[in-house]
Structure formats: C-alpha cells, structure tokens
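The structures come next, written out as structure tokens.
Common to both upcoming complexes is chain A, partnered first by chain B, then by chain C.
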Partner chain A sequence: MRLSPYLAFAKKSFLQKSAYRFNHLMSILNTIIRIFIFWEIYRTLYGGRTEVDGITMSMVTTNFILSLGLEAVFGVDDYYLPNRIRDGSIATELLLPVSFHGRMLAGNLGNALFQLIFHFIPAFAVTVLAIGMEAPASPLVFLAFLFSALLGYGVLFGISFLMQMLSFWLLNVWAIMTIKNVFVNVLSGAMIPLWFMPDWMRGIIRFSPFSSIYFTPVQIYLGQLSGREILFRFATQGFWIAVLLAGGAVLWKKGQRKLVVQGG
Partner chain B sequence: MSFIEVSNITKSFRVSRRSAGIPGMLANMVRPKFEERKAVKDVSFSIEKGEMVGFIGPNGAGKSTTIKMLAGILCPDKGSIVVNGYVPYRQRKAYVAGIGVVFGQKSQLQWDLPVIDSFELLKAIYRIPEEKYRKNLDRFLDMLDMGSFVNQPVRQLSLGQRMRADIVAALLHSPQIVFFDEPTIGVDVLGKETIREFIRELNAQDEVTMLFTTHDMQDIEKTCKRLIIIDKGAKMYDGTLQEIREKYGTSRQLVVEFGEEAVVPPMENVVITDIEDRKKSFVFDNAKVNINELMSHLLSRYNIRDLTVTEPEIESIIQRMYNGEV
Partner chain C sequence: MRVKNDTMHLAGVYTKMIFRSWFQYKVDAILRSLAVFCREATGILVIYFTLTKFDNLNGWNIYELLFLFSLLFVTYGILIIFFTGLRDFGGTVRNGGFDRYILRPRGLLFQLIFSNADWFAAVGHGGLGILLFLLSAGKVGVVWNGITIGYYIVTIIGGVLIQGAVFLFLATLNIYLLETNSIKELFYWNARKFAGYPISIFHKAIQFVMIYVVPFAFINYFPAQFLLRKEDMAQYPEVYMYLTPFVGVGMYLLAYLFWRKSIKHYKSSGN
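The block that comes next holds the complex of A and B.
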C-alpha cells in the first residue's frame, strides 16, 4: 500500500542529485583521492612486506575500496530533519499525507541509488584498475556481502535517524553530528581497518553498531567469517537497526509535541 | 457540530531572553533564561462548510500559530480542534490528505526542479488520478496565467510567480479546506488581484472552505464576508465586515460640489469644511443624522453639481480597534 508516493520521493532525490554536475564530478574525485591516500599510507606502513599479523596488503586495499566506496553510496543526509527544523520548512513537510520517516528513507535511498550508479561504479573502476583488489571468496559469499551491505546501510541510517531527532530539542546539532561521524569513521573500519585495533577494543567494537556498517560486509566479502558467523552478524545488524529506529521513533513522538516552527 | 470547531486553544513557546552584546552572551552561556510567551490564548471559533473567513491581526498576534495548529503541524497546549471529524495533530496523515495549505513565507516547491516536476511529485504523493490532475492543472494554470513559467526551476521564479505556483501546489488534490497564510505577501498589485480573483472563484464554484490570514485589508474586503480579528493571542472580533462598518464605522463623509459659490449655515451634528472654492465636506454620524434628510435639505436649497458619500476605510477602523479606541 501507498508505495508510489515514496517511489516518487526516491525518484525526486535521484533527479535532484544530477542538478549540480561539477560538484558531483568533484565528489567522485574526492573518493578516488581518499582511497589512494589511505592505500599509500598503508603501503608505506607495510614497508614492502606483503603481510602483517596475517593481514595482507591486498586485504587492506580491498577494505578501503569497499568501505570508502560504500561510504560514498550510503551518504545518509544527517541534516534532513535538522535543516527543516532550523529553517521552518518542517511545516510544509508535515502537510504531506505521508509518513515523515518513510519519506526520509525514500529520499536517502534515491540518493544512494544515484550514488551507486554514478559515483561508486566510476570510482570503483578507476581504483581497481589502478591498485587492484581481492575477488570475493565465492559467489554465495558475494551475495551475503550484498545483503550485509544493505543491512549496514540500515544501521547507518538508524544512527543518523536517532541523532537527527535530537534537533527537536537542540535546534543546532552540528557538534553532536560531528562527534557521531568521528565514531562512525574510526569504529566502522573506514579509516583504520579494524584488524589493527587492540584485541580488547575489537571485542567491544564487534558488538557496537559501528562495525556493522562497513567492516562486517568487508569481512564477509573476504571470506573471513564462517556461515554460522555470517548469520550471527546479520542478526547483530538487524538488532541494531530495530533498536535505533525504535529509539528514533520514540523521540519523534515526543519531539513533535515540542516542535517549534521557526521563522514566521 | 460545525465543519471547523476550535475550542479554547492555547499555545505558548519558550523564548530565549538574553541581553545584548558579549556580557549578555556570557550570562546566557552560564545561565540561559527563558520566558514563556503565550502565542495564542483561549481562542474559540467555528466555521461552516463553504465559508470564507479572513483572519487578521498585527504581526505576532498568533495568526500563523493558529493556522499551524489547524493544519496539524503544531499541537495546542490546551483546548481542542476538530475539523471535518478529524483531530488534526492526532490524525495528521489522514487529515492532511483533505486539506491544502499555502504559506506565503514558505514554499512547498522543490527549489532545484522545474515547477511542473514539483506538481508531478504532489500528484504521486496525494495519489491524484491522472484525469483529475490534468483537469485541475489545466484549469489552475489558465486561471493564474502560469503557462509561461511552469517549466522553469523554482529558484529562477519571481516572488509573484512562485506564490502562484505554490497556490496551485496546495490545490491540485482538490482539498475541501484551504488555509492561506499570507498568500499575497510581497506580491505586486496586479499579482494580488489575480490571486484574490482566483480565491473568490474557487470558493464560489467549488465551495471550498477557506480561512486566510493577511495584513492587507484589501485582501479581506475583496474576498471575505466574515472576519476574525486576533490581537496579542486573543480573539477580539468575530463577525461580518458589514457589522464592523455598522458598529464602528458609522461616520460618513458627504462631499458636495456646488454650481456656484454657496454659504451653508452651521448644522447640528455635522462638521462642515471647505475643500475647494465650490466644494465642501460634511462629516456626520450616520446614527445621528439621517442622510436622506441631509441630502434633500441641500438639494432643495442649493444648486448642486455633484455629490458623493464615502465610508471610512475599514483599515482605519481596524487600526482603531488594535489601539483599543473602539
């Protein structure tokens, strides 16, 4: 039921994404440059060795291409609600006979699809041709990777969703969003592959929502997890999605009563 | 039960109070001070189906807040609102499908996309059947003369064009109720006239129930019969424009142009002033002086070339109401 309005929202953000072409080209370049920089840093750290603590350089490369590539695709808009509250356009949003959450997700998914086709694929092609990467362990594992990446998106969306709800009270959420992004960047494996974290820390991170975003899919892709473990990771990802969305929904309910429409 | 039933609604906001400059900022950081401000105080009214009601008041009177509560965006602190059987803030999704809202200061259109794309999006959101969408769109584009700019991105439109596009956006799904919050703000005279004409026609032909806020009394005079005046969050007046005129605007001015120099002796209850050589003004209270008698008195005694009766401007009456003079 009522799917078509959400498809329309997804289509709209897909189309809107193409409005600023130069900016888009630059953002592809940005992803490629970041992958190269991280690759170069780790190549230097590896100092010609092919393996450190059982982690090959090629696994590290694969980690960066996949997690930074996925990061470009995921790109959840953290300021979707905060911006609308700050400039008062939340008022016109609430006039639409659709679920605000559904609309938010649909808009982000439209964006993600655009990024997948026009950002991930070119950036992926360039970097793989230049520095190469591991092939997926098996076709079945590749499918599990895709599913896990989808759940990873759900977790990232859930974190952002929950944090955005704070803007009902705070009005300006820039600082806490920045802190959140530091957590996501460091603990999801996008900056430092989690293999290199101390053991005690990895034990904690494993159960945090952050490692569910990029590192779990990467581990599955590389065939590091057994079938049983993969199922356990899916469950962990699903658990976090449920908890984060439920928390966000509670705050949304409370926030709506507190809503202040700014600017006339 | 009326179509729109508002009973004793109250809404207050927390306003930050901070003295100016750096000392003020520092004090605010250590101990922020807030003040409760009542935007709407115990307001009640009811509106019947098909009515068109003007909602006026000075800046900060609580008009927009009331509209936002009626539209289901804000939740009243106290009191209740029932519109067409719905409680707006509780049944938001179902309720808003049947209403249209135009915010003069906030656009519903997609900034980067052509106007027509925004309309197409609304068509999908409201699930408007193709046939109805075509019919409404063609009709509105024609009435508001929008053919020339529907394919332009919103960011390239003039304010008047954008406002017209926003009005169409709010009406494509044929809502039964439309709230206009300052639909003519910042629009030029010609544009205002087009918008008023459109609003009148829509109310007359489609029996759409309308409530609109404005600062421009011309908007009200040219469209509404009924008027609600609100000031400092409280309702001051609810009735017809005619009643305001009768109750508060009983003074009349009779301007007489004589065929020759005339000397008019003083009359009881009438203030006579010279305007030009052969033109005089007679100002009197309609309740105390019979206008027919005054006119026949003048006509029988003097050679009169022309005479006109004017009522006081509704604007000046309302100004006096805000000031508490009437």
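The block that comes next holds the complex of A and C.
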C-alpha cells in the first residue's frame, strides 16, 4: 500500500483547519474555561478535604486537563460518510484508486495532529500554569499513557465509524449521532471522573468501550495500574477497536450493495 | 380588529406549515426531539451521578440543583418557540433570505418569529424542564401558594425575555458584522452550560459575566434563591431576587431599540 496519497489527505485537512483562526482561538478558550469550571465545581465539592475515596483533588484536576484536552484532539468527524452519501459524492469517491476508509482515517488524523499542536498544547500550558496537575508516575508510565491515548483514539474512531455506516439506511443520522455523543460524554470520564460513578454504573461501564477512550489513559498516567493491569487494558482497548471496526466493515459491505445515489 | 385577526391567522398558517414540513419524516421528527432531550439531559446526568458521591454542592442538594436547572430548560423551551428565527438570523442574512422578508408587507420581527418556531426542540427542552420541575418542586421545601406560583410565572416570562433580548441583540449585530457565531458560542452557549450550577461556586470574573453581562443569574439563580433561601445568597444584594422581570423587560426594550435603529442601515450581502 502506498502511503503518500493518504499523507496528502491528512495534510489537506490539517491546512483546512488553519483557515479559521478566530473560531479556533475561541475554541481553545472554550476548552480552558471548561477545564477551569469543572475544577471549580470539584474544588467546592471537596470543600477542603484532601481526598475522597483515596482520590486527591490534584488527581481530579489531572483527569479533567487530560481528558478534556484529549477530547479536543480526538474530535472525530461523525459526518464524513453521511455527508458524502447525502450529496452523492460517495459515488465518485468509491471510484478513486485509494481506500475510502484509509482516506477517512487520514483526514481525521490530519485534523487530530492540528488540534494536538494548536489546541491541546496551548490549552494545556495555560491550565497547568493556572491550576497545576500531577506529574506522570514515571517516564515508562508516560510512554504507556501515550500509547494508550492512541488506542483510545482508535476506540472513539471505531465507535464513530460503526455509527456512520447507519447512514446507508437512514436519511438523517443527526439524532443517533447526538445520542451516541451523550453516551460518550457521560460514560467516558470526560465530564465526571469515573471513580465517582455509583458502583452499579461502573459495573455497566466496565463492559462498554467508553472508558477505554479517556479514562484508561488517565489511570495509566496517574500510576493507578500495575504493569500487568496496563497490558490487560491495552488488550481491552485493542479488543474494542477490532470489534467496532469489524462491525463497521460488515455494515459497509451490506450498505454498499444497498447504496442508491439520487442524482449528482 | 380585522388587521389583528389577519395577523393571528397568518401566525396560525406559519405554524401549520412548520408542523407539516417536520412531519414529512415522522420517525426523524420524533428521533430529533428525543435526541435534543437526551443531549440536554447530559448535564443533568453528570450532576446526578456526581451528587450520589458528594451529597451537596455548596449547600445545595440534588433536588435543589434540579430545580435550578429546571428554570433554565423551561424558559429555553418557550424561548425557541418565539426566538429561533433570531437565533439563526446570521444564516438568514448571509444567504439573502432576509431580503425576502423585507419585501413582504408584514412586520420583520413578526415574520422572523412565526415562520421559524422550532416546536420539536421546544418539546425536547421544555419537556426536560417540566420533568425536572415535577421531580424537584415537591422536595425543595417551597410552599406553593398564590404568591410563589405568581412569582414563578413572572420569573419564567422574565427569563424568556432576557434570553430573547440576547438573541435579538446578537441578531442585530449581524447587520454590522458578517460573522457572530463565535461571540454567541462564547457568551451564550458556553455560559449556558454552567448556568445550571449555583453561581456562588465560580470565580468572581465568571460571576460578574453571569450577573451583569449575559445575566443568566437572573433567569434561574436569583429566582431560585427567592423560593429556596440558601445561605450563599448572603453575598449578593437581596433586591436581586426581585429584579428578574425588570431585567427582562429592560433588556428586551433596549435590544428592540437597537434593532429598530440598525435595521435602517441594513445592506444586503447581495447576490
């Protein structure tokens, strides 16, 4: 497989992103304010206590900075396929001598790289200076965190990939995408650190892919997991990526046979 | 009298048309309302789960917080029946649709309001607001009598007017600026995400914005204080609990004057 066309797609989406400077500045400010507000809410909830259930305030801060920061980087385009089915351009794209899925991933990765450099890093610098955070438990743990975050991206991409395939059957996927995002937001740990979920909810979350997205990398970063547990989590993340992508691929095959493009 | 009847009739026709176009795809229409409901419930779920671990937030228990949130959703549910046209006004100006409104022999605001009502989002938001109210109203120690019910109704109207004024003001800005979405995103949508929490927990700068710039505090926090009397009210002037209707009417009048003055300067983006 030649990689160069995919690099070109990634570069294109990277450059596209840089065209809207004012909007981008606002979205960085948005992330900073969100982290800050969650921090204030938890500071009030802690009310001077040093720890709750063995979790210190500084671990909570770290959770929000990392997961909301990663959320800004991860932003997978849920409408990549739906938009192309809607306007009919899917027909010509399928004729191109490059893999549609490869192109989809490349476009999203280009975007993620842009967000990492120009969104995550400035937002991270400002919030860490203002409210501080935990240092990674060790250099090795930090590398494991990076790898796990990459797998987390894979899981989020997999969820979006699977859901996007539904647009072969539905006229409008806005409603189900919105409901999907509710699940991601509540169960991934981005808006509520999963340590504080009621036990019965944690039981459910354990068997879902959502905690693999942000919470697993955060736990690794904080040194909450032993070496063996880390390997087990990597396997869990890999398992979800495989299941979600395979499910998506099956629907893709079925959907393609069903695809009817109206005009063009 | 004839003119008034005609206006009511036209408003009715517009509403019927909106329902028809929505119900062209029935399943999608229902799914959309449900999706709006779920999306808006995200913040509620988060606060609910959080308070199963921590039993209060600055002295507010879960029912009091749900009550605080309910005011936000009930007012927004009513708001988007009347002000969707203004919320989406930027797009109308950019695609030249506003020029069509100008050519018609009816008031501009009238057309913007009645031809754009978003009933399905209203069901999603308003339904959630009513549900939260029903869950919490009996458990927050409010005695529901003539005075409190009257106060509640006036508060809702005031809250709708405050947000309506913000939309009208931002819509008017579109006449001068081509792009106002980022300003709206920052000052309205962002602020709204946190407006469900008691503002006393936030940094002074954020409180300032919520009280004096985009006065969300008058939509839910201060009115809820009148009904609930929590301790954290001590740091604000007591009179703020009675200002909601005045802030609402005042802001709306100012926004309306700004609109009337600016509309004379309107130049089409042309095409």
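In the analysis below, the second predicted complex is superposed on the first by the 261 of 264 C-alpha atoms of A that agree within 3 Å, B and C clash if a C-alpha of one lies under 4 Å from a C-alpha of the other, contacts with A are read in each partner's own complex, and residues count from 1 in each chain.
Rule of thumb we're sticking to: a contact is a pair of C-beta atoms (placed from the backbone, for glycine too) under 8 Å apart; a residue touches a chain by one contact, two chains touch by 3 or more.
Because the structure is predicted, anything quoted here is derived from the model rather than measured.
In the superposed pair of complexes, A:Leu129 makes contact with neither chain B nor chain C. In the superposed pair of complexes, A:Leu259 makes contact with chain B only, with no contact to chain C. In the superposition on chain A, contact is made by A:Leu45 with chain C only, not with chain B. Counting contacts as defined above, no chain A residue meets chain B in one complex and chain C in the other. Note for the complex: chain A touches chain C at residues 22-23, 26, 29-30, 33-34, 36-37, 40-41, 44-45, 52-53, 171-172, 174-176, 178-179, 181-182, 185-186, 191-192, 196-198, 201. Listing the residues of chain C that touch chain A in their complex gives 25, 28, 31-32, 34-36, 38-39, 41-42, 45-46, 49-50, 52-54, 57-58, 179, 181-182, 185-186, 190, 193-194, 197, 201-203, 206.
Residues of chain A that touch chain B in their complex: 2, 4-5, 7-9, 12, 15-16, 19, 88-92, 94-99, 256-257, 259-261, 263-264. Interface residues of chain B, counted against chain A in their complex, comprise 13, 64, 68, 71-75, 89, 92-94, 96-97, 99, 101, 103, 105-108, 110, 112-113, 117, 120-121, 124-127.
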